[in-house]
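What follows is a set of structures to go through.
One chain, chain A, links the two complexes that follow: it is found with chain B in the first and with chain C in the second.
On to the complex of A and B.
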């Protein structure tokens, strides 16, 4: 099997949300002599990037595909990282969490899964995270991005959510160093909402959120 | 122990076509059931004001064809010989002896309330003491999408009537979290939201009284007790609470108390001056007293072997009994299970496809009341998905095998109401994944496997028409022998009725409360993994692929 075959088979399995099939491709590739580094950089990362493209264009992409893209990528990457001959270069760090008062954790799971496979270090603060906590963690970890998930209108627009994070970043002169990304259902209904809550960017779904966050990391680093 | 799955006595059913000037339906009736009772289960109801005694004469209906019972004494007293000769009858007295056709010139005004068939209630061991001053009692199951209620004479145990109707709070949000969110908008909205549910309850009671007893105000004054069960959010909202406590993580597993903001105002509004209004308190933040009522009526915690109970609805609640403890949690089943949110989603109402089959290359659809297709209710939708998978029109990922037709996948050509869209399947996948993952997680926490289960109870309306093989095939239910699965459509209301009528029930209810271990699945990483695994349309996954 050539690398192109592996890529094709792996991409197809991810697209079909077929985790056992995707893992079988990875195992076969390893048996055939691909290094763990090759699996991540030549198979997993291009597959995530390809899914980002497909999902962005495809009106029929469903939640199962979003989750499986992230879950398979994160699982494979985690397993491969243990086998890397030297630790990989991290492209940046992001602090992620659900907004204050918000108990939804699954949305950010997609984002985290994709980010991990893209070699972004993810500091997951969990759910119901206060504004100060986000900023403190970002400073302590030297993160380039704070990513806040909010699935309800009042948690997206709440005073202890993104609005306060923006105020704290401004107050502490961190706006150039730390970017703010948001995501979740309310932003889909009002594409201008992210500006109203002081965010630098938003994404309509978890997979494209990873793409947006990588862009913000690069912006913050320059 | 009541159970919809118990074999019913074999009855001869006759098919009747009933039309009015605006609707035509087909019903199946046994020889023992009056046409009025059969029509009360549909949207095409006769006018009625006496409870089916034949004394009000309001339920006039004309026989166009077919064989029926001879006119009763009540009909001969109410109708002129010429009317009887022309085929005019009283629907409450009319019973079919063969197939036939009927014409209803003046149907009852449209109502959101329908009757439903309940299992006969077993006689309690201890009867309510005689001579109650206010003998009537009302049981209410306040669901996210539906309200069910039943009125009883507590002293004699006589069942006056039961109704099911849409919870009008649906207009404020289809699921509990959206509605709770709406509840936080303003004090006025909050007041409107709680009043909406209260008014719906009295509207349903009036429907029972006006149609099944023929008098309203005097009976309202004789209602001595009202018992309400429901999920935590619905209880919070009807009580006029702000629901903020439900957002606090620490309250998720705590006992919460919701009481009417002003009980005397409720009594005034309901015209029930003597009613003792009992809100049965939820078990915890998102596990309501409706689940406790399910557990009470099924007697699950008295079983010697492990059991699982799933109350499938907008707010799905799951319980696992391991012999010592009952592990409970709730998940957002989502409005998908009640037909809300899908493009062609319907509740179980006339024209809803409730069963889909395929024979000789043709799709076979059965609709409620045999009415023209208006959409899918959940059981029909699950059949459709299972068969689309079997026929390879749909892939386990939830995507159609061929590019999506613009008008969706139509089961009847040129019938837009028979179409299923990719987005509908996505919504269903989320609902079934949340439910399946909760079952798997609770079983694992209880140290059990599916093979250990003696019984799986399916509560909620969805179970009534659910094809078990199809539900197992798409992964909504664990794979197990169908004779171990029991259905109980209106279990929460039946449990609530026990609290109203059986003096021993409250002690059992409290005992179940003590046996419960409440699990917040939101904080469990393994549950998230199981949710993702179970998004695929395939048999239920008990653990993650590694």
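On to the complex of A and C.
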């Protein structure tokens, strides 16, 4: 089986939300001689990137597929990392959480799962996170991106969410160093909303959000 | 004609002076009564009073008995709701913390005896007495396949639903379906005459059509197996579901469909045609920043698509508190103007 075949078979299984089939592909790859490093860098990461492209183009992809993409990739990566001969180099750091007053955690879980498999260090602050907490954690961890999930209109647009994080970043002169990404249902219904809450970017789903965050990490680094 | 007769005419395709016009105002009620949301929602009489006042002021057709979605979680044991000054209440205490809790999780044998039901009963009693003979009284029921999301959190439910042991998943779904059946019956008995069946897992935006057909559909059939579906509206929490309208007709018999603003309304109307009611829904999140003119133009666009051939209702989603009152008025003025049929 070639690497392309592995990636294709893995992604078909993920798209069918069939975790056992996806894990079977990974196990077959290991049996065929791929190292844990190869599984992550040559199979999982290209597969997640390919899934990002597919989901971006396929408006009919569903939440279950996004969840499984993240869940399986994160699980496989975590298992493989334990077997790495040396710790891998991370490409950046993101502080993530649900906005103040918001108790929904699915969105950030999908984003976090994809980011971890892409070698991004994720500092997960949980749910109902205050604006100050986001900024403090980003500074303390030297993160390039703050990612805020908001599933309700008032937590997306309220004064204690992204709007306040933007104000704090500006006040502390951190806007060049730390970028702000948002996501969640309200942004899907109004794709221009992210600008009104002071964010640098948004994504319509958790998998695409990971791609957007990686882009912001690279922008913040330059 | 009364608003209830206008609604019936739209469903059956008989003559009426205009299309039905629904407006869903929930959290605005606390502002109307000048109360904090927690105090407001605790008092069913207050909720009914606010619903009647807002209906009278704006003139739309329906009133709502829904207090907040977390009410269902409270009926199932949730002890804490996070109330916000500027938005919808949030479930802050998950009844099911981990999979082991599913075995001991129990549905009350009679939810109408639960203390959390009292405010619902009080609200519906007033609405039924005041407008029950003339207006649609809407109530909200979460489907069994979605209910676990407010009992254990969406991510844990998604994990169990997709990856967990099917016997455990089905044990939870059986309990949730029992609750849904009870809930529907209790709401009907209390006077609700339009039951909005909220079933996000019945949308291909949430899970694949294959999973809907094999797993979700049988549970929806169980949810709706008693009391008929003539008063039931299919709603996927604002997610699109055009692709499953046909199976919903064929396997559930539901004729009224609350179409997502993200879906192709013209396509939905073509699929439903004269078999039932197409509800054209405005994107009220965009109404936060639209002008009154933009709101009016969008109402006209929606009604222009849906009105020809009848069998059409205009409505909104869950009007955010941040929508300016001028836009609510503009929406309703336009709906009454463009929704005339004779």
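By definition in this document, the second predicted complex is superposed on the first by the 222 of 222 C-alpha atoms of A that agree within 3 Å, B and C clash if a C-alpha of one lies under 4 Å from a C-alpha of the other, contacts with A are read in each partner's own complex, and residues count from 1 in each chain.
The definition used in the following text is that a residue touches a chain if its C-beta (ideal position, glycine included) is under 8 Å from a C-beta of that chain, and two chains touch if they have at least 3 such contacts.
This is a predicted model, so every value here is computed, not measured.
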With chain A superposed, do chain B and chain C clash or fit?
clash
Taking the superposition as given, does A:189 touch the first partner, chain B, the second, chain C, both, or neither?
second
I'd like to know which partner A:152 touches here: chain B for first, chain C for second, both or neither.
both
May I ask you to decide whether A:106 touches chain B, chain C, both, or neither, giving the answer as first, second, both or neither?
both
Should A:17 be classified as contacting the first partner (chain B), the second (chain C), both, or neither?
both
Based on the superposed arrangement, let me know which partner A:71 touches: chain B (first), chain C (second), both, or neither?
both
Return first, second, both or neither, reflecting whether A:63 touches chain B, chain C, both chains, or no partner chain.
both
Run through 59-67, 131-139 or 293-301 for chain B and report the one that clashes with chain C in the overlay.
293-301
So the chain A residues that chain B and chain C both touch are 16-17, 19, 60, 62-65, 67-68, 71, 101, 103, 105-106, 109, 128, 152-154
Touching chain A in the complex, chain B uses residues 177-178, 181, 184, 247, 249, 395-400, 404, 422, 425-426, 429-430, 433, 522-523, 528-529, 531-533, 535-536, 545-546
In the complex, go through chain C and note every residue touching chain A.
82, 84, 86-88, 90-92, 153-155, 158-159, 162-163, 204-208, 211, 238, 261-262, 283, 285-286, 288-289, 320-322
Note which residues of chain A are touching chain C in the complex, please.
16-17, 19, 60, 62-65, 67-68, 71, 101-106, 109, 128, 152-155, 157-158, 185-186, 188-190, 192-193, 196
With touch defined as at the start, can you tell me which chain A residues reach chain B in the complex?
15-20, 23, 59-60, 62-65, 67-68, 71, 75, 101, 103, 105-106, 109, 127-128, 151-154
